[in-house]
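There are two complexes below, and they share chain A, which is joined by chain B in the first and by chain C in the second.
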Partner chain A sequence: MKRLRAFVNGVDIQRFRTWFQLFAFVLLVYSGYLYIDLGNSLPVFACGFNDAGRGGVCYLLPLQHQTHIPWESLFSWRALGLVTGFLTFFAWLLVLNKAWCGYVCPLGAIQDWMTALRRRLRLRYSVYSLESFTRLKKVKYILLVLLILIPFAISNPVEGLPHVPEDMATPFCTICPARMVIPAFTGDFSQWTLDFSTVTALVMTSLGMAILGIFFVGALVNKRFFCFFCPMSALQALFSNIALLKLRKDGDKCTRCGDCYRVCDMQIKAIADDVERKILIEDDCMMCLKCVAACPEEGCLKATFMGIPVYEATEEGFFRRQQRRGGE
Partner chain B sequence: MSAVPQGGRRAAVLAQQIRESAQALATLEREFPDNPAAMDYFYKLFHRVYCEGERAQPEGTLVGTTCVQVPDEIVRAAGGIPVRLCSGSHAFDQAGADFMPAKSCSLVKATLGLLQDERPAWLETLDRVVNLTTCDQKKKAGQMMEDLGCQVHHLEFPPSKDSEPARAFWRASVRDFVRAAERMTGGRVTRTSLRESIRAVSRAQAAYRRLQRLRAESPALLLGKDAFLVTNAYFFDDLERWTGAVDALVAELEARREAGVSAALRRAPRILFTGSPPVFPNLKIPVLVEQAGGVIVADETCSANRMLNDAVSVDEWNLYDMVDAVADRYLKPCTCPIFTSNGDRLRRLLDLARTHAVDGVVYQAFAGCQVYEMEHHSVSRALAEAGLPCLYVETDYSPDDVGQLSTRVEAFIESLRSRRRRSR
Partner chain C sequence: MPEFRGALPLAPLLLLPALAAATEPLWFSDLPPTAEWTEKTLRAHGGLVERGRGGVSVKRLWLRAGDDPAHASYLPMPAGEVVAEGPEREPVAPKPFSAEAGGGIRFEMPEEGFYNAYLLSREVRDGTLETRVVKAEVLMHSCANGHDRRFTEGRMPPRVTAGVPFELVRERKPDEDFHSRAASGEPIAFLALNQGEPVAGAEVRLISNTGWGKTVITGPDGRAEFRMVRDYFTDWPEFDKRRRQDYLVLAEYRRPLEGELDGRPYAQAHYSATLAGTYYPAEPEYQSYLYGLGVMLLAATLSVGGVYHYRLRQRRPERRETFDEKA
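Presenting the complex of A and B:
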């Protein structure tokens, strides 16, 4: 057991993650051809617009449908869909917590591949200043609120206010880059179009196309560019404290060397600076566990599942990784 | 500089330095029984370098550094060989008094004394120095080194380390230093050369950590005077050979542990050493502690733990990220008292005390080292709260206070002993 643990803690987590992501990508993007269906409440961007290949559907799509209901129906059987949808989402989340983002999300994987490409081209990555970072990270909550409120407002017009057009029924999907990127992997480029049917549709699809462009450029420049703005990440963050997979820190052992912070794709400074909190999952965290791998202090950072350590910072593991990954 | 010291006096200084080194070495080697055989490498190394003036390092341009926060990896990647110039010699300390006010730090004075002409043979050709702007005395010493004919790069260090602007400033400073190091050595810092130097230093650090981990065991397997000698050798030894010698020592200590051989009695009070750095030949306080029956099991000083404990962590093995990674390692974990706050130093001390089952702390402050003197209060308060007795010793390189200090150290060790007995 001790040897197994030492082996696991010595693992090059990046390599493991790359393979895991590839597996998850194939599962979520192509396994539909094998009639595999993981349901439509997945806490990742398994895009529902990928009709043919999808092995499951992103929860945000049904969420927008389910909140597209009149106020009275909220207290009828019709709300059952909303409740079961949420409970399923919650059950998934409970297991992997935010590691869904770091290990499973196909859009996340695509961004990591673009990062790998940039690294091979030996181009420096850019980071946000702490100030703009603090401001930008609020965007995802705003998007989350909007994607629930807009469909709801369509079904519940308020006297005196202008009606929200029906084309806004799935507002987030129309601007989400996954709608265009993920189906493209099964050869379906039908989403890469502008919808001229109404003004609203035109505006929204144009916005979507623009965001797609920004997505490609951004992901080449910034690590995990889109994830800072992801409303799914915001939704997960609301419940991440009760999930079973946890990222723990023993502040007494921390030298605040900042190694964890500097490798963090999401620029989470608290991981290095906070020596008080025992559980350190910030809202942007994707639990990729790079920080654990980059920590040289024995047992300072660790990932636990139901309290059992699954991956832990060790001196030996750290120094082994630094020697091995140098060969890249 | 107005008065150039005469050649005769300079030669006498060097002779005195050799004498005091030989004496210190004799004490370290012969006055303690049963030294590990692997320590012979270090005793001989110090004899060759300090008494014979031999060079321990391979061919290449020597680049003097005056602080542990100067990124060695970059000097090495540029093809240079870093040598830490911080000197512990009383002879050089006296000679250095020509430059600095009488009440300034022995270490800074000794470094200046060392750089005057009539140096130890292996340092004769050294004329490139990287001086870090840490404390005021080191900052000002840079100019004086220039006056002594050295080509000095003033590596600018921020006065605080927690803020992002400080980090950005230091990163920029280190990027400039890459160019400066290339100019100093005529070499190029490339992706491959920097990667190799990061890995080589990382291997040395891994070896150091293995040694340090053994020191946490009880009864103690290694005396602190030997541990300080090992880390001191890192200042000037060939990197790969040093790593090998430390590994050999680790292997021997592990074998000794299996055989039940220890370096100190189980009831010997375990000491954590902090404050101004003990640098050979000035191992006065560590030797007094261990002659009095204590054993130094850990330290928080820049001649040992702070120099070797913290490691570079690279995310993307390209030049841009490696340079930044090196920069971060030399700022973020640093517990030097020059920074605006010392919370990290306190936490580090408490962590070392906990992991090494420490009974008491010895705090050395060189007279004139204001920052260590100023942190005395906050440190002893934090230690008192944790129930750790602390002996604060203000001293310098002069041997004059040994008699008085040994009484204090003995009394402290004795008080730790009786405290242990009571608690049982």
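Presenting the complex of A and C:
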């Protein structure tokens, strides 16, 4: 058991993650051809617009459909769909917590591949200043609130206020780059259009295509560019403290060397600075565990599942990874 | 003729001539006759539905007469036999509804998939056996039930109902699913079948919402293909991409057949069938790839410019000490 634990703790987590992401990408983007269906409440961007190949559907799409509901129906059988959808989402989230983002999300994988491309092209990457980072963190919560409120407002017009147009029924999906990017991997470019049928549709689809253009450039120069704005990440963050997979820190062992912060794609400063909290899952964290791999202090950072350590910072593991890197 | 499964003999609800004697084509439509009835319906993937007990979708089909889908009148249900079956060929018992509501049938659709409903009649007139089949093929799909591809594909193929003497079947497209809709400008094909066997030489006529029509004679495979006409033109601000339009397909053929019905002999049989459906504006009518790519490239170019400009600004100028050597 001790040897197994030492082996796991010495694993090159980055390589493991790359292969896991590839597997998850194939599963969620292509396994529909094999009739695999993981349901429509997944806590990742398994885009529902990928009609042919999807192996499951991102929870945000049904959530927007389910909140497109009259107020009185919230207290009828129709609310059952909303409840069961959320419970399924919650059950998935309970298992992997925010590691869904780091290991499973297809859009996250695409961004990581673009980062790898940038490295090959020897382009310099950008980071946000601390003030920009603090400001940007709020965007995803605003998007989350809007994607729930707008469909609800369509079904519940308020007298005296202008009606919200039906073309905003799935407001986030219309502007989400995954709607265009993920179906493209199965050769489906049908979402790459502007819809001229109404002013609202035109504005929303233009916004979507503009965000796609920004996404391509942003993801090339900034690690996990879109994840800072992702409302799924915000939704996960609301429940991440009660999930089974956790990232723990023993502040007493931390030397504040800052290695964990330097390797963090999401620029989470608290991982280095905070020596008080035992559980350190920030809302932007994607639980990639690069921080654990970069930590040289024995047992300082660890990922636990139901309290059992599954991946832990060890001196031996740290030096093994360093040697491997030096040998490459 | 074999017995129809799940048949429901309907007494004449009003003093109308028998169904077969009616001169105008009869067809089923889920479009309510009044705004009051429209308010009772919900939009679903298979058209308009009502919500029944326990949340079950209920389909109401009105009987209409005339070959102009936009203006056909609503009729009370005449004499005839009503047959309906669900996606797993389970018999469904449609209930007639009163003439005050326009007249027609309603039935529950608890299962996902296509339901077939028929109103059938036979009568001997002038030595000819007149057989009339009014058919509706309606889809029940709720996204809340999921989108299992294997399940959907299993329920996509069209079915013919045992005992129905002549019917029209809409052919499925290769990539069709529960979300697919017929669109103007796209091909649409129908099969004319007699007890499931293709009928060659049947006259099949498609009439669009605006009254445009085209007639095709079926080949040995019983197939009649049309290209759905684009007949929705309006000022752009009024354009509605969700505008539903109805089409109507009529088919008929004759064949020599000797026999007797209710003591009345006949020497030939004349079969007629109707099937109605809906179509919508095609996506290329209101969507543009070119503009989409244009906006995307513009945003990407501006982003590249923005990043470049930002990085240029961030670059600190080299600090040099200069000395005035003459001083």
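Criterion: the second predicted complex is superposed on the first by the 325 of 328 C-alpha atoms of A that agree within 3 Å, B and C clash if a C-alpha of one lies under 4 Å from a C-alpha of the other, contacts with A are read in each partner's own complex, and residues count from 1 in each chain.
Going forward, a contact is a pair of C-beta atoms (placed from the backbone, for glycine too) under 8 Å apart; a residue touches a chain by one contact, two chains touch by 3 or more.
Small disclaimer: the values here were computed from a predicted structure and weren't measured.
Quick check on the chain A-based superposition: chain B and chain C, clash or fit?
fit
After lining up the shared chain so the two structures overlap, which partner does A:W77 touch, if you call chain B first and chain C second: first, second, both or neither?
second
How wide is the angle at chain A between chain B and chain C, using CA centres, rounded to the nearest 10°?
About 170 degrees, rounded to the nearest 10.
Classify the contacts of A:F196 with the two partner chains as first (chain B alone), second (chain C alone), both, or neither.
In the superposed model, A:F196 contacts chain C only, not chain B.
Which of the two partners, first being chain B and second being chain C, lies in contact with A:V57: first, second, both, or neither?
Touch status of A:V57: second partner only.
Just checking: does A:R124 make contact with chain B only, chain C only, both, or neither of them? Give me first, second, both or neither.
In the superposition, A:R124 touches chain B and chain C alike.
Does chain B (first) or chain C (second) touch A:R15, or do both, or does neither?
neither
Would you check which partner chain A:K278 touches, where first means chain B only, second means chain C only, and both and neither mean what they say?
neither
With both complexes overlaid on chain A, does A:I214 touch chain B (first), chain C (second), both or neither?
second
May I ask you to decide whether A:G32 touches chain B, chain C, both, or neither, giving the answer as first, second, both or neither?
A:G32: touches chain C, not chain B.
Per the overlay, which chain contacts more chain A residues, chain B or chain C?
So, of the two partners, C touches more residues of chain A.
Check the superposed model and tell me the shortest C-alpha distance between chain B and chain C, rounded to whole Å.
Closest C-alpha pair between chain B and chain C: 10 Å.
Would you please give the residues of chain A that touch chain B in one complex and also touch chain C in the other complex?
Looking at chain A, the two contact sets intersect at 124.
In the complex formed with chain A, which residues of chain C make contact?
Spelled out, the residues of chain C in touch with chain A are 54-55, 143-144, 146-150, 175, 177, 236, 239-242, 283, 286-289, 291-293, 295-304, 307, 310-311.
Once bound in the complex, which stretches of chain B touch chain A?
162, 164, 191, 195-196, 198-199, 202-203, 205-206, 209, 213, 309-321, 324-325, 328-329, 332-333, 344, 347-348, 350-351, 354
Which of the residues in chain A come into contact with chain C in the complex?
Those in contact with chain C are residues 32, 35, 37, 39-40, 51-52, 57, 62, 65-66, 77-78, 81, 124, 126, 166, 189-190, 192-198, 201, 205-206, 209-214, 216-218, 221.
Could you pull out which chain A residues touch chain B in their complex?
Interface residues on chain A, with respect to chain B: 119, 122, 124-125, 129-130, 251-259, 262-263, 272-273, 275, 290, 294, 296, 315, 318-319, 322-323, 325-326, 328.
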